[in-house]
Amino acid sequence: MSSIVRSAAPVTSSVTDDAVVARSAHGLARTNSRRLLGWFLGLLILVGVCLLSLSVGTKSIPITTVWDALFAFREIDDHLIIRDMRLPRTALGLIVGIALGVAGALIQAMTRNPLADPGVLGVNAGAAFLVALAVGVFGITDLWGYIWFAFVGAVLATLIVYFLGSWGRGGGTPVRLTLAGVAVAAVLTGITQGLVLLDPVAFDAMRTWNAGSITGRDGSVVWAILPFVAVGLGVALSVARPLNAVALGDDLARSLGANVGLTRAAGVVAVTLLCGAATAAAGPIAFVGLMVPHIARWIVGPDQRWIFVYTMIGAPILVLLADVLGRVIIRPDEMQVGIMTALVGAPVLIVLVRRKKASGL
Amino acid sequence: MTMNTSKSGNDGNGEMNEATMTGGAPGGSARLRARNITIGYDTRIISDGLTVDIPDGKFTVIVGPNACGKSTLLRALSRLLSPSSGEVLLDGKAIASYPAKQVARTLGLLPQSSIAPDGIRVADLVARGRFPHQKLIRQWTAEDETAVVEAMAATGVSELSARLVDELSGGQRQRVWMAMLLAQQTELMLLDEPTTYLDIAYQVDLLELCSELNRNSGRTLVAVLHDLNHAFRYADHIIAMRSGNIVAQGNPSEIVSAEMVREVFGLPCRIIDDPETGTPLVIPLARRADAARFISH
Amino acid sequence: MSVPEKRRDATASRRSRIDFGRPLLILRLPGLARREGSLTVVRGAVSMRIDIRGVLVVAVLIAAAFAAAVAELGTGELHLPFGTVVQAVFGGATEFDRTIVNQWRAPRVVLAVVLGALLGISGAIFQSLTRNPLGSPDIIGFNTGAYTGALVVLLLLDGMSTSYYPTAVGALVGGILTALLVYLLAFKRGVQGFRLIIVGIAISAVLSAVNTWLILKADLQEAMSAAVWGAGTLNNKEWAHAQPVLIVAVVMVIPVFWVAYRMPMLDMGDDSAAALGIRVERTRLAMIVVGVSLTAIATAAAGPISFVALAAPQLAKRLTRSAGVTITASAAMGAVLLVVSDWIAQFAFGDKNLPVGVVTVSIGGLYLVWLLAMEARRQ
């Protein structure tokens, strides 16, 4: 049995999980214990950022008051602000961050493209299209209305992309999936732009949507998307290990016993749920899904499981930090989180790419 | 069966015969020379202060283990790589000082990897080899046509001339690239590992073709080859490299010895005369205890 | 049959012509032979190998572009028949007709033809440069930066009330500054490909965010007009707008030919090209400069029109069955695509006048879907 495996894959090291783990001795944190340490550090930072998110705003609320609001709630103004406005906002930022980050990690592994964005499967274009339809054609103007449209749009677009890319023999190879994603996004964007440039009401709604935002949504939105994100996360974590194999190439993955087709399908389902839910709730927030998994890979190496775990901490840190900065940077006005994530993330990415010898997957 | 355990490689003092470090041409002229060149990639230096002459009218083969700098040297000789110090001379002048097309009419190169544009046919690809001889309005003279016909005939791809290059096998494709080099009709030809991807029959064919070109038309050929026995069989002049330095140079029958092969390649072997050509043949020493079981006693 | 025998047979047929696999026209014009002293010198001899299919396809595309242009010149509130339009272009018909055709409608149509061609050429150059059939000039963030420049002029500097030039200049400056910024940030002892791409993506993301912000905060009417520019539009173009484009196009003819002559060699890889006498670095730089300039002028004139640069070279290549992308066919195809798209944008939706960029994006997407279907079938 072992001789068959050895002859099937002419790699230098023996073809087992050990090989992948051995390759994983890459990245800045080389050992598992160092990675765990890094992760706990990240977790502390995340908690800190969450507290920051609860206390900073047009009215700065001191941390002690925040603590009281969470654990010794009284019906006073400050506690109400925290419970009704900042808590949902922070929770949404957390969930949206995790969802986008993990979706990005999935996409980068599935398309074997370290620069892929979860939007490459057409999620953003699909959501935007249905939002434009909702406002322009159906006259829906409240947020609840469009959330479901956006979600349906995201899901439909991803399904179309997946089927288009997997049609015919050869299946859903990374190149074809990417091509399908660009194609579907283009058509949908064209139609959306057409709708929106002819109708001022739709245009107005769209330009607000495009900025991405986690405010103005109350707790019910968080509860609404939570199940989708949870299921998506579950599916994502379950394919983390097979994805390590798929990242080595389809043939090699098959010889390692990974079911390439199933893994890909599961990955697409996870991306759809995660990205769809996040975009529906908060609008298109760019860059998080691209940047965080990429940086995570630089720190922990190519093992998908570690990348997921680090992304789950790193992405919400980026989103919440961007949101907090957005609140203070042009007081008393606010800059939307979708805009801030690019303004905050891009310089960090540039500094990092200049500092290290950039590597791929 | 005679066994020559020690060719004239080393004399007792460990001096290699033939000009090695100083790199003078072993009797004869050299149009292509490198003088004290330092070559490398980015910050990594492969060879430092290398001097070598390529003897005219001979078939020179550069051999050496992986990463010894043989391809790097070839690239420097063909002006693809600029030395950071020292210079490569063609006909006495620095090769970088000539107009590019003029060098291309004199010196041709078959690189290790080339890209066949999507959708190109064999005849078109071979015809592109005429570029150095063409002008804007003189793009398909009778000479061009003849050169292409002859080149395709010599490499045996005439029947494939209308086919798409994408559809050919690796070996056929390599012969088409060789035809393109031939169509260029240069007096000096440099080949970087030309026998990769080829079946053994075609490998020998290609080397026989190179030998013919060298003998019949007096062209100077320089090839980087992996297979030692091929190298020793066809070469008039061997340049053996290790770690960026030239370790031995000269006619194979004069410099090849078991010690030389062990020093350059780390391979324990013995050298016999090739029964067909009399050139040195490398026989790796057996390692398994029962390896001699097939020798009838 | 062993190989050496094959070779001998081939040598026997040396006299016959080469089979190139497709019909070719070999043109040889003998030059004038003059005696200069004791030498016979031949001047002006021409010899070429002309691909018949290629020439035919380009001719058909040019005819199609012409027909589409005439059709567009004839359509509008006042519908003019084909014959009248042709007459008007050449100075005939009534003065009223001539005014409509030559003063009002022609600038737009001429721009569509010329910009389409320029975009097609630019796309061919970038696809050859990046050796990627999906290559486009935007890897350096040019279009996003151009949009930022235009938005700054339109929304912050009150460009709405002034004429067209400030926007065009803003777009040019924005695009060029962005390209420079990306290059500088990616430069660290030379430009490594991967770093350039990442920096390009990062800067594009920042500028895209800035654009979203500017659009969000502006007055609704102004924002909509600016967004129309951002989608790429040929609306409201006059001769004054078309002139600079035509001048640049004429100036670019020679550089484009310089590049076109060398592109096929570069397609075979840097090593092979250098071995055949091409100065690789110089040619690549020229390709970047020419490619970016063409995109720049198109974006400055009409906003970022997507997909023409992407689709035209590939569609042309499939029609001509050429090896790699070719400049002439891509130009002709680009012209046809843009004129047809402009016609659709103006007239296909009743009284709604869409920006042409919206049509090109949708058509572009459909083109990619078709590409995918072709690939699926091929496997």
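Per-chain numbering from 1; labels A, B and C assigned in written order.
Rule of thumb we're sticking to: a residue touches a chain if its C-beta (ideal position, glycine included) is under 8 Å from a C-beta of that chain, and two chains touch if they have at least 3 such contacts.
All figures in this text were calculated on a predicted structure; none of them were measured in a lab.
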Pairwise touch network: line, ring, star, complete, or other: line
Chain ID, smallest distance between chain and overall C-alpha centroids: C
Whole-Å separation of chain centres (CA-atom averages), chain B against chain C: 43
Euclidean distance of C-alpha centroids - chain A vs chain B, Å: 53
Interchain centroid distance [CA atoms averaged], chain A/chain C, Å: 36
Residue numbers on chain C that touch chain A, as the complex places them: 134, 185, 188, 192, 194-195, 197-199, 201-203, 205-206, 208-210, 212-213, 215-216, 220-221, 223-224, 227-228, 231, 306-307, 349, 352, 354-355, 357-366, 368-369, 371-373, 375-377, 379
Partner chain B, residues of chain C touching it in the complex: 2-4, 6-7, 10-11, 13-14, 17-22, 26, 28, 45-49, 131, 190, 261, 264-265, 267-269, 271-272, 274-279, 317, 321-324
For the chain A and chain C complex, residues of the former touching the latter: 115, 164-165, 167-170, 176, 179-180, 182-191, 193-194, 196-198, 200, 203-204, 207-208, 210-211, 286-287, 290, 335-336, 338-343, 345-347, 349-350, 353-354, 358-360
Parts of chain B lying in touch with chain C, wherever the complex brings them together: 42, 78-80, 99-105, 108-125, 127-129, 131-132, 136-142, 144-145, 148-150, 152-154, 156, 158-159, 161-164, 184, 201-202, 205
